Each structure stands twice: as C-alpha cells, then as structure tokens.
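Each of the next two complexes has subunit A plus one more chain, namely subunit B in the first and subunit C in the second.
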Partner chain A sequence: MAASLDAAQGLSRRPPGRPTRAARLRLSGLFWRHPWAKALLLLAPPLLAFLLVYVASLAALFVSSFWTIDPFTSELRHVWNLDNYRTLWEAGAYHSVALRTIGIAAAVTLADAALAFPLGYFMARVAGRRSRAFVFVAVLLPLWSSYLVRVYIWRLILADDGVLNWTLRKVGLPAAHIGYSNWAVWLIFTYVWLPFMILPVYGALERIPESFLEASRDLGAGAWTTFRRVVLPLALPGVVAGSIFTFSLTLGDYVTPLLAGGASSQFIGNVVYDNITTQQTPFAAAFATVPLAVMGVYLLLARRLGAFEAL
Partner chain B sequence: MTESRASRIALGTWSALVVAFLWIPLVLIALYAFNASNVQSWPIASFSTRWFHAAWTEEVRASLWLSVRVGLIATGIALVLGSAAAFGVARFRFFGREAISFLLVLPIALPGIVTGIALNSAFVTGNVELSQWTIVVGHATFCVVIVYNNVLARLRRSSPSLLEASQDLGADGWQTFRFVVWPVLSTALVAGGLLAFALSFDEVIVTTFTAGAQNTLPLLILGYIRLGQQLPVVNVIAFAMIVLTVVPVLLAQRLMRDTGVLRRGAANVPGV
Partner chain C sequence: MSRIRRSHVLVAALAAALCVPASGVAAGSGLPTTIGKGEGALNLIAWEGYTQPQWVKPFEKATGCKVTAKYAGSSDEMVTLMRQGGGTQYDGVSASGDASLRLIYGHDVQPVNPKLIPDFKNFIPALKSPPHNTVKGVHYGISLQWGPNTLLYNTTKVKPAPKSWSVLYSAKYRGKVTVPDNPIQIADAALYLAKTKPSLGIVDPYELNQKQFDAAIDLLERQKPLIKKYWALASDEIDLFKNGGAVVGASWPYQTNTLIAAKAPVRDLIPREGATGWADTWMMSAHAKHPNCMYRWMAWVSTPKVQAQQAIYFGETPANTKACAVMDKLAKGSAAQYHCGASKKYFDSIRFWKTPVADCGNGKNTCMDYTKWQQAWTQLKG
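Up next, the complex of A and B:
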C-alpha cells in the first residue's frame, strides 16, 4: 500500500500525507468497495429532478383530463368523469382538426422522404469526401438554426408580393396565392423538418457495404433490381427513423399553423393552446393525449420496421 | 461506383436543388435585414443598415438578456444533471438502465406542447409564480438530454481500463477524474453545453407556457410577427439569430467531429 502511495505522488500536486489526500483516498476506497453508493450519488439527483418535476407534471396533466372546470366559478372540480373525451369523440370539429393534423404530418413525412432519399444516396455513394463534408454541414446548419426565423421567412416568401410570385411572374407563370393556407403549412413543415430526415437516411445508406452491391451485380441483377431488392430494404429503417421526427414534430406543433396557416389550418396544438389560454386545462389535456396516442402507435410500428437500430 | 453516369448526374442535380431549397430562405433573411423600406415586398428596392440601429431598443435588450440568462442557467443545470446521469449509466449495470435513457429523452420525444402544458398546469396548481426560474425549469428538462447524449457517446468510446490503470497506479478518485477522465470529456461537455444553449436560446413552444408575461427573444419576435408590427426589426433580429446559432454549431461540430452526436435526431434517441 505504501509503495503504491509513493507511486501516486507523481500524479498528485499536493505533498503526500496531508489529511485531504488521505481523506480522498478513503473516499475513493469507499466508492470502490461500494459501487452502488457512487451510482446512487450520480443517478439520484438527475432522476429525482426528472421524476419530481417532469414526470409528476405529466401524470398530473393526464389525471386532470378526467376532471372538469366548473363553468360558473372557473374552479377545477375534482370529479372523475369522461366528459372531455366524450366531447372530443362527439364534436365533428375536433375530428377534422385531428385528421388535418395527422394528414399534414403524413404528407410532410412523405415529401421529406422523397426529397431526402436521393440526397442521402448522393452523399453516401456518389459524392467525394470534400463535397460530402460540404453537404453535411449545409444540412446541419439549417437543422440547428432558429425554427421561428425559418418559419417567418417563408411568410415573406409566400406573401402575394413575395419572392415566389415575383419569380413566377418572371418566368411567365400565373401568381400562386398559397400564403396563409394548408399548402403553406405543409410546405413550411416540409422545409423545417427536412434535415431531420436527411441525416438518418444518409446514415442508413452509408452503412450498406459495397460488397452487397457487387454481390448483387455478380448474381446478374441490373441496377434497378439491385436498388429495389438490396438498397431499398436496407435503407428503409433509416427512412422510418427520420419519419419519427418529421411526423412527431409536425404533430405537436402549433406555431407554424398559427403564423402561416389560414382560417381552416387549425392543428391539435392550436386547439390545445387556445384551451390553455382560456383556462380549460382539462380539455386541453384530453386533446393532447391524441398526438401522444398516435405517436405511441407509430413508435411501435417503427420498432417493428427496425427503425431504432437505424437511429 | 455502380451508378451509371446519367444517374450520378441526376442525383447530383437533385442534391444541389435540395441544398438550394434549404439555403435560399436563409440567404433571403440576410437580404431582408438590410431592406431600407418597412414594406416587406420583393424585390427589395434599396438597402440600408438603418434597422440595425432601430432594433437595439430597450424591449429587445431586455428580452435578449432574459434569453441569455435563461440559456446560461439551464445549460449549467443540464451540464451537471446530464453528465451525472451519463456517468451513472455508462459505468454501472443495473436493472432499469434502459428506462433511464428513455425517461431523459421524453421531453424531446413527446410533442413540445405536451411538456409545455404539463409544466404550466403544475406551476399554476402549485401556485408557483411564473418567472425566469420557471422558464429555466422548462428549458433544463430538454437541455439535459443533449448533454447526456454527448457525454454518454464520449464515455462509451473511452476505455474503462484507463480508469483501472489509474487506480492501480495509486490515484484517488479525484486524481483519476482530473488527469484521466477530464481530458477525454472536456470537449464533449463544451459541445453539449453549446448545443444545449443553442436549443434553449431558440425555444418557443415550452417557453410560451412557462414564461407568463415575460418575453424571451423568440417570444418577443413571435409577438411582433403575429401582430405584424416592427417587421424590419424582426428581420434584423432573425438575421442576428441565424448568425449567432451558426457559431456555436460550427464550434461544436469541430469539437465532436465524427462522433455523430450533432445529428440532432440521432442524438436524442436512447441507446445510441
């Protein structure tokens, strides 16, 4: 023991034998003999913070969806009932909001997959090292730049006197009036979430070994057959992984429909937001369970398609 | 290279178009920031820097300062809690380890509005007055996972035998941390901190529900945009925000090169 202490002097900045050094060694020994103490010390603060603040709030929110607000006093009444869910089920207006949200989320996902796949393929299999690095950073920077700013600029682009119509006029096409519509919402979501699709698709394509393609060719498959029967099945988990983000992020958003949507562009998020501002928290909580349930089902499907390995 | 020449040209063209699609709006916001007019039509008739001066108002300064404060505090909390959790998960095997990753990822995997209203109703029910600190709590929940993933990725790539060697040579826990773990870890912490700050600085949805009457910079410009007011000022702030986020992201990318943690999507998923 003394020998190893001497050996450690080179590492220590303090002279040996000081009480702090001895205490530190005792503590290290304690943790060494009881690794559980160390694990507990490390994990308890983050987990307690998360459970007490975040998970408790979520649970309380879910519970409150089974309560109601007294219409006269605006007080929360702790009476268990399914009224909020019944309203959701019976009012047609909420059906169309939910269907619009899910439909646009699906359309955004398809558009992003179509845009991202050839780009991912180019990055993984065609581009040289330098152009691949360039495209990678060109995708990364929009991913991290301000979401709100990127939504805002599209308002200017799509406005009647914006860049889009100016360009259309220059090339002799009629003006498009798609500002403040579901088309605008779809286009902007497609734009802001596109990098979330590109990166996992690129990752999946990059992992396909060259030898698989050579084997396919040696066995007599043409380019199209190789693509359809080798590349596509192996890249699919990457597409599904990207779709988790494009789908989930669209599903939970309310800012883009608020800023760029028209009169009939309300999303689930907008209804939830409006109900919170009018203190109808129980109903807001009930409606918020819809995107949660949809995402739950989607994640289960995605896991079966192997998306989690591709993330 | 199995692709034919024609398909390679087609793929290259498509890729150039997609990159242009990603970047043209960002270039346009830079041009609009210098638009002399307060009418936001295209083409821009004349350029000027006059709105840069006009944007530096008391209101903008106050909200910028609030955003910076919240970002710094939330990042600080995320660094402590996120790296503690990453150490615990990386170094120990125990029942429920996977559940911890899952738990920490929830704030980003769930729709932002769910996190926002959950915290909002918890604060309202608990009679907690909405303040800078409630925003910090909201931001810290999703910043933790960024640091956690960065640190965990780095710890998984460093060999545990280094720690054993350090202990065999007689180093105590602190020395092992200072001379063996820290050199490996420091860049991951800086990168995770930068990204957490970038995320907090830009956040809208959770902030709306935890800010009350206060305005962070994104909330301030969201208000301006909704009311159609001060649009030249919005252009300038938007441009500044884009430039400001480019710097930490490029820095973080240099620090974490090749580990893939900047792939924001992938970085947020458990078990990666």
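Up next, the complex of A and C:
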C-alpha cells in the first residue's frame, strides 16, 4: 500500500523515474525564474546557424579580400596586402561599374515607389473587399513563376523585332531600340521587384486611421495638403522599408544585366562572377564588400527614417 | 675506378629492377598498355553539344560506363571546374587550346597513351601531336575536332556581303554588332591588326607585346560603342540574330547551323584576314576516378561514326580522316562543307586558340600573359 502510494506520487524508488521528473521540474523552475534562459534555448539553434552560415562566411569573404592569387598556379597566397582594394580604387572601369549598379538600383527604387504608392493607396483605402483580394492576387501571382522565365519574356518583348516595337509600329509611333540596354535592365528590375515595394507601402497606408484624414479635413486642409502633411509622412516608413528590398535586390543581382543588358551593362555582381570563373577570388571578395558597405549605410539611413517600425 | 664502375652497375641494376613492368603498364613511362575493366561511371566537362545522346547512349550500352556531363561556357570555366574539389570530381574535359596548356602546366591532367586509341592512326598529321596537347613528346590527351571562328551576317540587312572583319569595326552597323564575351576575343582584334597595320609587327595574335596589346585593346575600345551585346552563350547570339538585335557578329558554325535550320536569312564566312579557331582535346584528369571508362570514351569519340555525328551536329571538322565518308553518308555534302580531310594549307590558315603566356617564343618574356588579357577584357566591358 505504502509502495503504491509512493508510486502514485511519483516517489517510487525505481531509479529512472525520479531523477528525470525532478530534473524536469527543476528546469521548468529555472525557466520561470529566469526568462532569459528560455529565450536563449529558443534562440540558440537559429543563432548558431546565423553565426556559422552567415557571419562566418561574411568574415571569410572579408579576410580573403586581403589575399592574392599566384598568377601562374592560380593558388591562393596568404599574404596580407591591399592590392585588390588599390586596383578597385585606381581603375576607372570599376568606378563606373559600381556607380552604374548603385545608380540603377536607386532608379529602380524610385520607379517602384512611384508605381506602388497609388496602387497601395487604392488597395488600402479605395478598393472593396473583393477588388482588394483581386489586386492582391494580381500583385503576388508573378512571384509564382520563375524569375528567369520573366527575364527571358521581357527580353523577347523588348527585342528590336519584339512585341513592343510591333505595337508601336501598329499605332504609328517610331520604334524604341531599348532591347539589350541599361533601359531594359532598369525596366525589368522595376517589374520583378515591384511586389516587394507594394506590400510594405500597402501595410503603412492601411495603418493610417481614417480619423486623421477627417481631422485634417475639419481643420480646413485640402486634399493635396492632407496628402502632403498627413498621408505621406505616415506612409514614408513603409516606402523606405520597401526600398530596402528593391535597392538591395537590384544591388546584388547579376542575372538580369547578363541576359538583358547591352555592351555597357556590367553590374558589380557580373564582375564578381567573372573574377570567380577566372579564379581571382580575392579580387571578387574585395569588390563584393562594396555593396555590403553601401547596404550598411543605406540601412542606417533607413533606420533613421523609421523603416524598421514599418516592417 | 673499379668502385665507381661497380656502383654504376648497381644503379643500373636497381633501375632495371624498378622498371620491370607491372601488368598493363608500359616500361618506364608508367602509361597503361591495355584498358582495364570499366568502372561503371564517367564524369565529364564538355562544350555544349559534345555529349549528345546520339553517341552517348550507345557508348553507355557498349561499355557500361554511365556518363554524367556538365556543360561549361568558357575555357576559364573548364579550368576552374577541373581544379574544383582537388580535381577528383571529373574524369575528363573537352579542352580547347587556350585551356589545355594551363591544365598541363597546372598538373590537372595526366599523360595518356595514344596507342590505346585504335583510330589515332587515322588522324590528320597536324592533330597527332599538336603543341596544344603534346609537351616534350608526352601526349596529354586525344585530339577531337577543330574549326574556325566565323563572321556571321544577316543576308537581307548586310549588303554588300562582307569579305573582311572590318565590318565589325566600322560604324555602318552601329548598334547591330555582337562579339563573344571572352578575353580570347583580343586575339581576333590582333589578327585583324596584323593584316591591316603591318607596322605593329604582329606575327602571332596570341603573343603580343605591350605596344601590340595596347593597339588591340584600343581597337576594341573603339568597337565598343558599335556593340549591341557581348554574347556569353551561343543561344544569346542566336536570339540576337532572330530578333533583329544584331545583323553581323563573330560566331561559331554552330550558331549558323541553328539559325539556318530556323529559316533565318544568315550566312557565315572566313574573312580574307583569316580566322582564329579552336582545336579541342579530350583530356584525362590527373586524379580521375574512372580512368578506364575515360580511355574507352576517348576511343569511342575517335571512331569515324561518332566523329562524323559530332562534326555535323556542331558544325566542325573531325580529326579522324575516316569520318569524311561517314559524314557524306549522314548528310550529303557535309564533308566538303566542314572541310573534312582538309589540306594542311587550310589547317595552317586558322590561328588556333592557345593560352597567352609571357614567353614570346623568341626568347623574350615581354608578352602579355593571360591574366593581363582577362583584366583588360573586364575593364573593357566595365
């Protein structure tokens, strides 16, 4: 009787039962007393993966950019030097590549913001339930098809004898020779990254309370003033959040310039890729730090504009 | 005296003992004399169109070697892939002349015994021991096919029909020109300058001193505004010619074949300045895991039938002279079209791709090596 009571209370003398249960109790007590311990347990696996996969590879990238390659055997020489950065600094070709990349990334971001704002406004404030759902699907649907397929389709549309010029000719306009050029690259990027701008802009606009707009109207502001002084400042963090995606995605891409670009359409990514196929990995690493630095500055600016609260 | 002589005898005896051939290995050279049992698998790096099911399927059936092929887009990529993972990943590569020497001097490929390739004796003499795959009498591979880089043009848009490479450098077809995105393209500019500016004294388009190199880069800089696109894949150039993006360009016969099959109005030629070209070699990795299958593959692709099939498919010239008759059987007139069994004069008129090195071949080390070519090309495109 006494033995069965012990067993019922979990106090049995069977060796495996007691310590595990006690340990479990002690552990849960520990987590209750120290919430940080629970957080640590939850975060440990992703944090470890983050450190190993992400931070460690970035560190390796940065370190290898200070090494060189033996020109004859193509073997890595672990001699610390700044030669790769000196080449980057001195050769004008790399300046124009970097400026082109940053310039087109900025132009893509502006174009996407200009397109996304009215659409986001329509979705958030004008559309009914059903038309909003329809626009949502329309915005997200292209993301279901391969990026490569969409770039190739645009290449066909913009080709000299493509759909665009065929249409222009039908309506009596002169042909546009923008296939295989930086215009084509800009247009395709603007198209493929647009959903990444629309969603945060829509989110920011939707969060503006209707009462703010009414208050603005009651205080005598016209539509334009309300937009400029109420809607725009409140939606800006959403636009900046979206711009982080459009800007960084363009900055790191090399497929679209390769497939749809012209004779002068090299991006930083293309130079990095070329240097890796020719085994100049340290130089590739050095050039790859440029977009990292640009993105670092961009994220600092974005934080000051409140983009992270909007995400 | 007698002691020295005795030690000589001892060394000689030792050397003789070491040289006793293990079964299947030739005395001294360490090359195999027979092909052993296939290992059941073969991993290859090849140019697009070099491992077609047409001749890979029968090979697998005959030898039991299952072929896995990876296409490479450039010689640089081939070299990188061959070195990847300690060089054990791939058994062989269809290297062009601008990659083969890099692979030989980088110890990435191993010597092979041509006696194990029955069709080797039928190869045109120039491709039995060519300098791009045979160093100091040691064969580092078996020649495969060769051909010229051609001038491709749209017959309805380019009139009169071009006879010179100058059409790629003149403003007449501004924005309608396309050339390969490949540093070896500098040699095409150098070849053109060798004929049009003799004062530069260019003898070999792959051996350029600083002055000649600068002149070639300058010509390419002036060509750049005329270029629609530097094509990276053969299919890019095919698209450009189909969609009217380009009407004239530097090409391979493969693109011409594909475009003509698609009824595009194009033709190609070797302009009067001559042409650069390629001569490809199947080479075996120094660390090949399936050497017997690789030997069987090299023997297979050297047979007249496979040589003919590949020549017609890609649009190039087989190394095996016995393939010419098979070509005409497969497609009438194809042997003549692709210069099968061509004269030495025609062969010598093509300046085959080779890796530019600092050694100019005249005792001077003042030539621009390939690293310089790559850097100049990247900066040209920049």
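One rule holds in what follows: the second predicted complex is superposed on the first by the 255 of 311 C-alpha atoms of A that agree within 3 Å, B and C clash if a C-alpha of one lies under 4 Å from a C-alpha of the other, contacts with A are read in each partner's own complex, and residues count from 1 in each chain.
The working rule: a contact is a pair of C-beta atoms (placed from the backbone, for glycine too) under 8 Å apart; a residue touches a chain by one contact, two chains touch by 3 or more.
Note that this is a predicted model, so its numbers are computed, not measured.
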Subunit B versus subunit C as contact partner of A:Ile153, first or second or both or neither: first
First, second, both or neither for A:Trp32, with subunit B first and subunit C second: first
Partner chain(s) touched by A:Gln266 [first = subunit B, second = subunit C, both, neither]: second
Per-residue touch tally on subunit A - higher for subunit B or for subunit C: B
Partner chain in contact with A:Asp274 - subunit B first, subunit C second, else both or neither: second
Partner chain in contact with A:Gly179 - subunit B first, subunit C second, else both or neither: second
Touching partner for A:Leu258 - first (subunit B), second (subunit C), both, neither: both
Subunit B versus subunit C as contact partner of A:Ser96, first or second or both or neither: second
Residues on subunit A lying within both footprints (that of subunit B and that of subunit C): 155-156, 159, 161-162, 258-259, 276
Subunit A partner contacts - residues on subunit B that touch it in the complex: 1-4, 7-8, 10-12, 14-15, 18-19, 21-23, 25-26, 28-29, 32, 40-43, 80-82, 84-85, 87-89, 91-92, 94, 100, 103-104, 106-107, 109-115, 117-122, 124-125, 137, 141, 144, 167-176, 179, 195, 198, 202, 204-205, 208-209, 218, 221-222, 225-226, 234, 238, 241-242, 245-246, 249-250, 253, 260, 262-266, 269, 271-272
Sites on subunit A touched by subunit C in the complex: 71-74, 91-94, 96-97, 155-156, 159-162, 177, 179-180, 258-259, 261-264, 266, 271, 274-280
Subunit A partner contacts - residues on subunit C that touch it in the complex: 74, 76-77, 79-80, 83, 105-106, 175, 224-225, 227-230, 232, 236, 239-240, 243-245, 369, 371, 374, 378-382
Touching residues on subunit A, where the partner in the complex is subunit B: 4-8, 11-12, 21, 24-25, 27-28, 31-32, 35, 38-39, 42-43, 45-47, 49-51, 53-58, 60-61, 64, 115-116, 118-119, 121-123, 125-127, 135, 137-150, 152-157, 159, 161-163, 166, 191, 194-196, 198-200, 203, 213-214, 217, 223, 226, 241-242, 244-245, 248-249, 251-255, 258-259, 269, 272-273, 276, 281, 284-285, 288, 291-292, 295, 308, 311
